[in-house]
Amino acid sequence: MPIRAVVWGENHHEQTNKVVADLYPEGMHGTIAGALNADDGIEATTATLQEPEHGLTAERLAQTDVLLWWGHARHKQVEDAVVERVVEAVWSGMGLIALHSAHFSKPFKRLMGTPCNLTWREAGERERLWLTSRNHPIAAGLPDSFELENEEMYGEPFGIPEPMETVFVSWFQGGEVFRSGATWKRGAGNVFYFRPGHETYPTYHDGNVHTVLRNAVRWAHNPAKRLADPTKAPNVPVDKAPEKIEERGPKLHAHGEEGLR
Amino acid sequence: MPIRAVVWGENHHEQTNKVVADLYPEGMHGTIAGALNADDGIEATTATLQEPEHGLTAERLAQTDVLLWWGHARHKQVEDAVVERVVEAVWSGMGLIALHSAHFSKPFKRLMGTPCNLTWREAGERERLWLTSRNHPIAAGLPDSFELENEEMYGEPFGIPEPMETVFVSWFQGGEVFRSGATWKRGAGNVFYFRPGHETYPTYHDGNVHTVLRNAVRWAHNPAKRLADPTKAPNVPVDKAPEKIEERGPKLHAHGEEGLR
Amino acid sequence: MPIRAVVWGENHHEQTNKVVADLYPEGMHGTIAGALNADDGIEATTATLQEPEHGLTAERLAQTDVLLWWGHARHKQVEDAVVERVVEAVWSGMGLIALHSAHFSKPFKRLMGTPCNLTWREAGERERLWLTSRNHPIAAGLPDSFELENEEMYGEPFGIPEPMETVFVSWFQGGEVFRSGATWKRGAGNVFYFRPGHETYPTYHDGNVHTVLRNAVRWAHNPAKRLADPTKAPNVPVDKAPEKIEERGPKLHAHGEEGLR
Amino acid sequence: MPIRAVVWGENHHEQTNKVVADLYPEGMHGTIAGALNADDGIEATTATLQEPEHGLTAERLAQTDVLLWWGHARHKQVEDAVVERVVEAVWSGMGLIALHSAHFSKPFKRLMGTPCNLTWREAGERERLWLTSRNHPIAAGLPDSFELENEEMYGEPFGIPEPMETVFVSWFQGGEVFRSGATWKRGAGNVFYFRPGHETYPTYHDGNVHTVLRNAVRWAHNPAKRLADPTKAPNVPVDKAPEKIEERGPKLHAHGEEGLR
């Protein structure tokens, strides 16, 4: 069965900015989904901000193996209830790939627990992404480095928690560097951040970027059955303890009482 | 200059439960502060839920090197504005030590980005904490293991992000284990979680626990001047780029425009 | 194409100790290979200390996706040249699974860079392994904990580098705990350590242990083409620099000279 | 009491190459020790390859809190017995700071368990080091970036284990990037790698480099009493088990027998 990917797009500048509309007539989400669907093992669809519940109902998320997220100008319009639903899906085992300006998206910041801030410059400068580790699954098939002739600059310090693995580091023509590909785990879910993708450049038409995105979807996919309740904190009563013990000492909780949270 | 520690206490069961009140007539926060003040290098004071702004005004946090947090029954009463203030202080460089049931406190969950859930049992069973690494600064002066004769059980899986270091692992009489001491960094701030400390047992009167708490305060202390704005994402205009570059390509942002977030 | 696993066995106590020989008439390596071969996606063979080059020629390793290693009494008899070959294969992308007393095997210690020491007791006591993270690929299909009624105890502190992920933590009847499942990356190779497996107990006949071993082989498998030379440190001459630069300043190396190492 | 630092220098090019000798008349080790001694809290001395036991006797190491290591052309001449002594001292709690071409030094490679390879170019190009995290103790007092006008280039992929923290990332004029400051723990010892320091450039006369070195010595210092035997793997007999258990099942080891290793 193919991996079910959903590409979420803010779909704002595609509708309001001619440069972006001309570059991405299908929307950035549409172009990204197309690149994923070129892989027989992936079945990608899209969802956008403008749809009811932003296209991310509980039913939809339950059928999503990996969610890709691109947002920039309308982060604040994403409803908190949908954000929590996405975050819980990640904890349950859904993969999440945050793209470019999604460093400031609500689900990514929520999962990181850090400001996710950086420095930036929109000057169409050259970016060169370097692998830190040859043969990392997310970098499979790539040379040691590849270039994007025009990109927005994102610079360190990047306000993220230390990654599980730093997969790419970018060089920018203007003199900055950035950890452009980084992984984390949150609960049963794999999270990958991938830096390139400013909306006024043809980044999502680039073959190496396509390779990274397809690899990342495969990497982020957790084939295990989704956890039913990733936040439960069950009491294990004395008579269910793995080893036989006797209750002793003063107690706060009455028998059968739920835990405090 | 001594390290300025603030011990934050929910101060609820001390006021409402005779067992807890008898064990901790000064409040758990008072007992913990006393243990810290036995160290000449630490100057500890307290703050509680019931104070205005929970005792954690911006001025107070600006004067706090390390915040210790104990909460259990009243997590939800902690105001979100104070939580954000605490979280930003951590990002700026304040240390945070989350104690026992503070695994479910708002600031800790916010910084972790995970559910922080676990299994639990209140049976007064024996807990034995093992060091994973001899001579870790937080374990300085401790034997390879130490016991607490009566404690609440917390069991794995513990829903945290993989720690920077797992410092203690607990054995429980009833058959469970738990990563009882773990570290993370969030921005410029050091975070430590320490498991023991159920309110109906004399845990905070234990000498080894005192050693851990004092070590942890020293470990969590970042002596650097606090960051003024840990969330800023400054634009670096073309003429301020470290290397000389020329602007090119289409642009989304007008000159001097603020970034989107 | 199935994953090609090689189970390396020291094959010493199977030949010299009646208890072990009776438990594992095919050798522990044979039993483990059998358990792996029950998975259609894995094709497991064996190699032993007694074979020429310990059964691990360069050709054999080149055809090995994942190597499992069990050794105990004869670590020192493993030739250093074979150890280096194994280590380089891991750096190139071969997976390595170190089993039980292989914590003191030459390849594992070499890859960790730490003493890999621990405390131990052979008393046939009960071990209970707990997952730290539900739905981790190595724990797929397992309950939150499982038991081995008779095992050797290994206790913390365990002298390893902080793992990429701690997957299992063991509880022992005698009062100790141990990080029983842990992952690392070394170059392009995935490394997993799995604690249980003392030779006088039927551990490798246990169904949950089989599940872990099969999951671990799948997890450790890096499908990318093996790196040709994982240790090369190539010079990038000025005229091959990604950006045009001019050579300047005093030089140590003559043109075309090899690097020092 | 000040932190006792020993700066180990290969002291080869200082004796054989006029450029290096003119830049570092006291040897690179001498210059580095001088920079450290400008800090009242550090007391730095030197040791060199040419001294008996390379100046690193057991007595000397026992009195060393932090060892800094610079080597390049003569890695192979460092005796393996001294390397093991250094490595065991690190495991016991001594800090180690590997400088520049010490990425290929025996002690560093031994502690990492990886090839530690990279790409390189000696062209006197500009390097700019970026902090990944403001207010990291090793970066205290530094701006977000600082430059070295002439340096050797080291490029990714850098064959190291994923660091505990990546503290600096370098930008190079010729188009490469490199994780220039990275931390690990090995046993009780803190390890830091710092990239700059090619012998034909005045890097060790740079003020920002001095700041990093002094910060790093303070960071690497573990004030705990050195572990007596960091490799011991003690048996815990049944009658010394923390919990009362009875021996059962077949045994491999006779009573009182030493463990196998």
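A few notes on this one:
Each chain carries a letter (A, B, C and D) given by its place in the written order, and its residues are counted from 1.
What we mean here is this: a residue touches a chain if its C-beta (ideal position, glycine included) is under 8 Å from a C-beta of that chain, and two chains touch if they have at least 3 such contacts.
Molecules present, by chain and UniProt name: A, B, C, D = Trehalose utilization protein.
Values in this document were obtained by computation on a predicted structure and should not be read as measured data.
Remark: rotation between subunit C (Trehalose utilization protein) and subunit D (Trehalose utilization protein) after Cα superposition is 180° (nearest 5). Using the average of C-alpha coordinates as each chain's centre, D ends up farthest from subunit A (Trehalose utilization protein). Distance between subunit A (Trehalose utilization protein) and subunit B (Trehalose utilization protein), defined via averaged C-alpha coordinates, is recorded as 27 Å. The geometric centre of subunit B (Trehalose utilization protein) is 31 Å away from that of subunit D (Trehalose utilization protein), both derived from CA atoms.
Between the CA-based centres of subunit A (Trehalose utilization protein) and subunit D (Trehalose utilization protein) the separation comes to 35 Å, rounded to the whole angstrom. The set of subunit A (Trehalose utilization protein) residues that touch two or more partner chains comprises 119, 128, 133-134, 145, 155, 162, 164-165, 171, 173, 175-176, 185, 187, 230, 242.
Listed in rising order, the residues of subunit A (Trehalose utilization protein) touching subunit D (Trehalose utilization protein) in the complex are 119, 128, 130-134, 144-145, 155-158, 162, 164-166, 169-172, 175-177, 179. Across the complex, subunit A (Trehalose utilization protein) is touched by residues 93, 128, 133-137, 140-141, 145, 147, 164-165, 171, 185, 187-188, 222-225, 227, 230, 242-243 of subunit C (Trehalose utilization protein). Those residues of subunit C (Trehalose utilization protein) whose C-beta lies close enough to touch subunit D (Trehalose utilization protein) in the complex are 13, 17, 19-20, 72-73, 75, 91, 101, 104, 110-115, 117-125, 150, 153, 155, 159, 161-162, 164, 173-176, 184-187, 198-201, 230-238, 241-243, 245-253, 259-261.
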